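There are two complexes below, and they share chain A, which is joined by chain B in the first and by chain C in the second.
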Partner chain A sequence: MEEQLEKVLSEIVTQHDTVGALLANRQGLCLGAKGNINPNVSGIGMAISEQVAKLEPNNTVPATICLYSGNKRCVIQKDGEITGIIYKQTATTSTSATN
Partner chain B sequence: MDYVRSIFECLASICSCWNCTDDLSSQGIEPSERTHLLADSVNQSPALRRSNSADLSNDYSQSLPKKDDQNALSRLVQNTAINMINVGALESHTLEHQEYTDRIKLYSQRLQQQWNNIQHPGVVLKGLLKDVPNQSYLSKCINPDDTAQMKMFIHKSQSAVLGIQIDHRDAVVVPFHIPSHIHKYNY
Partner chain C sequence: MSDDIKKYFNGLLHKVSGLYVIQITDRDGVPLLRVSHNQEKNVDFALMPSFIPTFTTACDQASKLGLGRNKTIISMYSNYQVVQMNKLPLILTFVGAEDCNTGHILALEHQVDGYLEDIKLAVTEP
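The block that comes next holds the complex of A and B.
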């Protein structure tokens, strides 16, 4: 059934600094989640990516969103029907200013 | 030309009505559901003005008995008025072609003016935050590693999602376990 998807998620979670990964469908429903990530964020992740896509509707390249919070960050991208959300955490506390 | 033709057609219909009313009046038709209730409409019709009933009665006074003649004439006039369309009254509502085109021009001009005054939001604002100058919302660059990782994740996921298949292990059609005593009652 969804073994391939599980495999992809597991592979992503093992990568450097990555703590969790999630995949949402067009309706914002969670298709699969792995690692330290709440499956309930699939809807809001999809909604954020849709709003960001409205900033430049003529741009064909899918927008990537990065939310920073301390040493953690959340990367969101919507390409076509699916939205991917990745949680990342750096080992050393980041001091970079965000606006 | 159409206008003149319509007048001719109207006159022709009036003439045919004269004939038919002659036939009807000669047969002595009684007032029916088509006879006008209002006497005024008869007086307003131009047919009455054209064929003055007094003149007609004078012409035929010798050939016919007087009372019958009056009756026949009044019936004739009444039937004619019923079958007639008053073109003179319609004329006030019709527009000349020149006036018609002038009005079209005027209305389209006014529409165009109003259309230009409207701010079209769909055309002016394409996308969110278009009123913010210098795209200040793109202030911080995203780590290229994150972008690359996400790109790879999405790419692999898309093919993985397409590969999702339902492998049903149970029977698709499930029989209802209807108790046997119901069968007994039915048969």
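The block that comes next holds the complex of A and C.
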């Protein structure tokens, strides 16, 4: 039943620097998760996207939220009833260690 | 101590949009703590004498399905949603709007554990 969803999530996780991906429904419940991501963050991710949407209520284009933390990034986008959350992690550069 | 706990749960109530009530009871439905929006809908049904014991019974029956101990029951109604968590000897009940963020409520489960320990002590002490 959720084969298509699984396929999309697998494609997202294979992208460069991506470590985990998750999709949530309008109730903030996890529809599917792939990779290194906790399914429990679906509700909080959706809550963040809802709060951000209030900043520009007249904007029809869904906002993309990017949270930076060290070498990790969390990208959240709400589109209609579905909210996508992607975790990205950039490899630490060895140049800074050698300098 | 009780004021701190109440303040904490009041904070939680305001963090989740559409959440009307958080209440902590024992397994018989005896209220221990309740925080609610004063101006919001009347959700006194959550303190009806049959409400919590019905959850306790449903929880006990659900635990017999062979899937392990039942932890949470989510009930969706036309105007409300009720999320009840089995934290024996305590029962945690969240009542919210039908379009409230259920996932956010479920994510609170682990956050409140520390605060529930203090209340558990009060319930279990002889």
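The definition used in the following text is that the second predicted complex is superposed on the first by the 92 of 99 C-alpha atoms of A that agree within 3 Å, B and C clash if a C-alpha of one lies under 4 Å from a C-alpha of the other, contacts with A are read in each partner's own complex, and residues count from 1 in each chain.
Keep in mind that, in the parts below, a residue touches a chain if its C-beta (ideal position, glycine included) is under 8 Å from a C-beta of that chain, and two chains touch if they have at least 3 such contacts.
The model shown is predicted, which means the values in this text are computed figures rather than measured ones.
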Clash or fit (per the criteria above) of chain B with chain C on chain A: fit
Chain B versus chain C as contact partner of A:Ala33, first or second or both or neither: neither
First, second, both or neither for A:Ala24, with chain B first and chain C second: second
Partner chain in contact with A:Ile12 - chain B first, chain C second, else both or neither: first
Contacts of A:Ala47 with chain B and chain C, given as first, second, both or neither: second
Partner chain(s) touched by A:Gln4 [first = chain B, second = chain C, both, neither]: first
Comparison of chain B and chain C by chain A residues contacted: B
Shortest CA-CA distance in Å separating chain B from chain C in the superposed model: 14
In the complex, chain A residues that touch chain C: 24, 26-30, 40-44, 46-47, 50
Chain A partner contacts - residues on chain B that touch it in the complex: 126-129, 137, 139-140, 142-143, 145-147, 149-151, 153-154, 156-161, 163-167
Interface residues, chain C side, partner chain A - complex: 15-17, 99, 101-107, 110
Residues on chain A engaged by chain B in the complex (per definition of touch): 1-2, 4-5, 7-8, 11-12, 15-16, 18, 21, 23, 25, 31, 51, 54-58, 62, 64, 66, 73, 75, 77, 79-82, 84, 86, 88, 98-99
